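Following this line, the structures themselves.
Presented sequentially are two complexes of subunit A, the first with subunit B as partner and the second with subunit C.
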Partner chain A sequence: MKIKKLNIGILLFVLVGVLPFAAAFIYALLYSFGIIGVANNGFTLQFWKSVITSGTFFKSFGYSFLIALVAVVISVGSALWITSKFRQQLEKRFMSFIIYLPLAIPGIVTGFFTFQLFSKGGFFARISHKLGFITEASQFPDLVNDGLAIGIIFSFITMITPFFVLLFLNVYKNERVEELSLLAQSLGANANQITQRVFLPILIKKTWVLIMLYFIFLLGAYEVPLILGQESPQMLSVLIIQEIKQYDLDKISEGYVVAVLYTLIVSVAAILLFLPKRKRPYAN
Partner chain B sequence: MQINWKPFVLSLVVLLILFPFVYLVFLSLASEWRFPDVWPSYIGFRNWVTVFSSEVGLLKSFFSSLLISLLVAVFSTTSGFLISKAVFYHPKKRILTLLAYFPYILAPVVFAACLSFFFLKMGLFGNTTGVVVAQFIIAFPYALLFFSSFWNEKVKSYEDLVATLGGNKWQTYIKVLLPLAKGLILICFFQTFLISWFEYGLTSIIGIGKVQTLTIKVFLFIKEANYYYGALSCCLLIFPPVVLLYFNKRYVFKKFV
Partner chain C sequence: MKRIKYILFGFLLGVTVLSCKEKVRQDDDKLKNASWEEIEDYADGTTVNFMMWQGSTAINDYINNYVVPSVKRKYNIDLQISGGQGPEIVQLVMGEKQADIEQGQVDMAWINGETFFQLRKVKGLWGPFVGLLPNASLINFKDSFISTDFQQPVNGMEAPWSINQFAIVYDFEKLPNPPKNIPELKKFVKEHPGTFTISNDFTGMTLLKSFMAELGGGPNSLDGKFDEDRYTEISEKLWSFINENKRYFWKEGSTFPKEQSKMNQLFANGELLITYGFNEGGIEDKVLNGLYTQSTKGYAWSNGTIRNSNYLGILYNSPEKAGAMQVINFLLSPEAQLKKADAKGMDSNTVLAMDKLESEWKDKFLDARKREYGPTLKELEVNAIAEPAPEYMIRLYEDFRKKVIEN
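Now for the complex of A and B:
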């Protein structure tokens, strides 16, 4: 009877948690090979060849990868620095609420806010004009919809740094880094040694799965690059949706090729991250 | 004499955190704020009055978002809690957990684009039910994985104890499991509510613009270059989570942190 009940639970899990993903992947795969789709006439490798030879996917993937990497490295670095320097202050009553506030701001609002600050007619352009640095809006540097993705990276950093600060504060407390640091100090370690041998290894080791997870989330981010990105290259999700929503029917199939490639990369990352058996207290 | 720089940096951090909230409220109160003016030519409640007289349907979007998010949070938290028990007590739980991670880490907008055909066939395209179902599909793996740490040997031994003392399954849930998981359930409800409340890409694909949640409205106003209403929509989008965060942190996080 118990086994039967567990099986109903597993059946529901497969129905809600596995089936939609499998159906979406198979649909995209069949579409990418021309087996299904409005204008497709059966199996063909044409769309895969087209995507691979044009290099659109690789360019977009490389671009997304670099943006996500820069944003994660800066965010994790900043969060570690804030945790090491301001831990005691951040645990006080007022600050302990304030640091949660950025979690209430979604990606679309961050994108909109960044645009309002850094666009050519935005807040900083007005200040620059007032201070006499520029005389026209066009003289203000390209900080949004720009080639270097400064706006996107800025938004990503402001979105994820507060989360990492909260995470590191939590790990610091739970892993008793304070006590271990005192122990190291009493054994003769200096401040740098404590940071390099105690603080950083513990915090990074305990949270690296989550750091990787956030890297993957940023790789597939949609709202922020939609508002702050440029025409080409685009971040992966924006590229996929733009291709799938095209009126050019060949492009739709090519969009599904990119979607399949992206799903495969993300799935392989999930397998590498979550299949090996290890203790991951902060993974969820 | 060494200057203590920490209070200055901390004050700067507080200002930087509060700045977006203040700026968005300010922008929502402004009108006719053209470059290069540093101060808008109008500051007042005109935009808010217009919204509350429902000219632009923002209030409707607010309640629509609220309904969708509440439904998604209730369904995903309940099903996540109940189904996670079967998954995390299963001998193959590592493989099952991995399967749950696939939809969890895939970009929701890409997931929705690949699923849209099935939603169209099931009549779930362009309506609220479809958006709730689609958001539930992405919130469920989160809820399921969230409860992974709850189902452990200690909880199992409590269940066995209830059974030994003659309690039935219903009593196990009501008297033991739910009280034990109360804090986690609240956090999960809050998180899944936020997943739905903040969702844009998936809602735009499955709702095809017909289901106008607040995030959809924000994007519409950005496209129309109506930044004042855009800021107002942003205020409606971020202030409910701030209130939730306050209560959530005060009553729930305290027990865990």
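Now for the complex of A and C:
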């Protein structure tokens, strides 16, 4: 009975999770080689060549990678700091409500909100104008649609930091970090040693899979970079959609090349990261 | 356990049945040779799916609160609206063609130039059908801005719905003498750095076409079929003009707004001193909504700006072609066109020829509520230029990205 239940579970997983993804991937792959597509004329490597030689994909990938990395590092760092400093206050009902609130706001709303606050004609620019810091809208610093992606990173941080705070608070409780810290203290460890040897290793080790998943999620984010990004380089999802919606029908296949490349890279990275590692005997 | 098996079995059966759905082919030739009374009979009681751009409250209000109830009342047709424009429509058609779907999701679509070109390229439109519509006789097809779409004869494959002209928008209190040609624009951007930009969308590319016509030597310089040499020669002048001056553009030309709504917002909050758009700049509703000040005005470039029509087409695999024809015929009726022309509503210029209308309707059109802020089509008439061939747009998109944005 148990085995049958497991089989059905696997079957459902294959039907709902694997099949649609595999079908979409194969469709994109065939499209990228010109095998299918109403405007295509059969197998060609032309689209792959064009994408690889133009370099736009790699530039865009590197740009997305950096943005996601900076956002994850700052978010995880801030969440760790908040957890270590304000743990007790966060357990109060009002504070936990405040921390839950941003999780309920969709990315697209966060994007618009950031734009309204930080654009040259936005809330802070208007306040600066009223206070006399600037005399013209153009003097306000570039905080959205900017080359350093400040607006995108800010939005990502506001979106994911609360999640990490909640995650770390739970791990802190479940892994009994409090007790372990007291134990370390009684054995003579100072505050820094407790943070570096107990607090950080436990919290990060227990959550690194989620941290990596969030990194991959940010790498493929769409709405926030669409609203707050600049036109070149663009984050990957924005680039893919733009290529697929090209006015030149003969070039739509290039969008599928970008989608296939991105899927391959993320899949390989995910396999390498999450493959069960063979345990070395006598490992520490 | 058994229940799960049944659910799974049902699911698989459903998938199988759906994939083997019986192919029903509507007798298209019969429809093309039918009388209008027969078409009306076929259309009665149908559900017609209309894919259109839903980005304006005035347009949505016109469709949802006027057109949908009217066609239900008059013809017993359920008109369903779905959102989508140019690329989405083309993607949908290409996807359905790819999957060999004979009964498509969408019956009719709101299209213009480049979408018309693309849909014809993939044989995505059904027709010719315009000649079958009784109200088509009220349209002046001798007007080349109506009968030719991006230099391609319409040939009954799409029904003209409205006509408009591109206009430059400014605030005369902030900017008493706006630039009217490229040399003046060069001077303007240097004197007012950061207040001008080009949107990387259909509207921005349309502005570039006006620039190209001017750099080519006159309003008619891009007429005729696409000419590669001519494009290369004029576009080089265009890119060097932009690249030499883009440091005076918005954000020093390091990026460009993705779409028109952003341009409008930047203009409204004072970051830009100049914006532009179709429908004679789209000023009227924005002033009435309080987005633009009452000192906003629109004008055409002295060498001219693009004038074109937008159209309604029926998709090749529409399951309800007769219903779609009935709806399109209603949208071309004097009643529906008059309602659409209301300056406080959709504010759209009619495609109907005044001399073909009965005097009662003609008077109503002449008495209709006029614009208070935006320029009229008539005012811009002398500066109207025809849409160049669609390949110009396709190449401009590609080269603007390669030679300006990524440069």
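The working rule: the second predicted complex is superposed on the first by the 263 of 284 C-alpha atoms of A that agree within 3 Å, B and C clash if a C-alpha of one lies under 4 Å from a C-alpha of the other, contacts with A are read in each partner's own complex, and residues count from 1 in each chain.
Note that a residue touches a chain if its C-beta (ideal position, glycine included) is under 8 Å from a C-beta of that chain, and two chains touch if they have at least 3 such contacts.
All figures in this text were calculated on a predicted structure; none of them were measured in a lab.
When the two complexes are overlaid on their common chain A, residue A:Ile99 makes contact with subunit B while staying clear of subunit C.
By the document's definition of touching, of the two partners only subunit B reaches A:Tyr222; subunit C does not. When the shared chain is aligned, subunit B and subunit C each come close enough to touch A:Ala137. In the superposed model, A:Ile244 lies in contact with both subunit B and subunit C. When the two complexes are overlaid on their common chain A, residue A:Ile8 makes contact with subunit B and with subunit C alike. With both complexes placed on chain A, subunit A has more residues touched by B than by the other of subunit B and subunit C. In the superposition on chain A, contact is made by A:Asn145 with subunit C only, not with subunit B. With both structures placed on the common chain, the touch criterion links A:Gln230 to subunit C but leaves subunit B unconnected.
In the superposed model, A:Ala270 lies in contact with subunit B only, and not with subunit C. Where the contact sets of subunit A with subunit B and with subunit C meet, they give residues 5, 8, 12, 120-121, 137, 226, 244. Within the complex formed with subunit C, the residues of subunit A that make contact are 1, 4-5, 8, 11-12, 15, 36-39, 56, 119-122, 137-138, 142, 145-147, 226, 230-232, 244-249, 251-252. Put simply, subunit A touches subunit B in their complex at residues 5-10, 12-13, 16-18, 20-21, 23-25, 27-28, 82, 85-86, 89, 95-110, 112-113, 115-117, 120-121, 123, 125-127, 129-130, 137, 162, 170, 173, 213, 216-217, 220-223, 226-227, 236-237, 240-241, 244, 255-256, 259, 262-263, 266-267, 269-271, 273-275, 277, 284. Residues 1, 4, 8, 11, 86-88, 90-91, 94, 97-98, 114, 118, 121-122, 193-195, 200, 251, 254-258, 265-266, 268-271, 393-394, 397-398, 401, 405-406 of subunit C are the ones touching subunit A in the complex. Listed in rising order, the residues of subunit B touching subunit A in the complex are 6, 9-10, 13-14, 17-18, 20-21, 23-24, 27, 34-38, 79, 82-83, 85-87, 89-90, 94, 96-103, 105-111, 113-115, 117-118, 136-137, 140-141, 144-146, 148-149, 197-198, 200-201, 205, 215, 218-219, 222, 227, 230-231, 234, 237-239, 241-242, 244-246, 249, 257.
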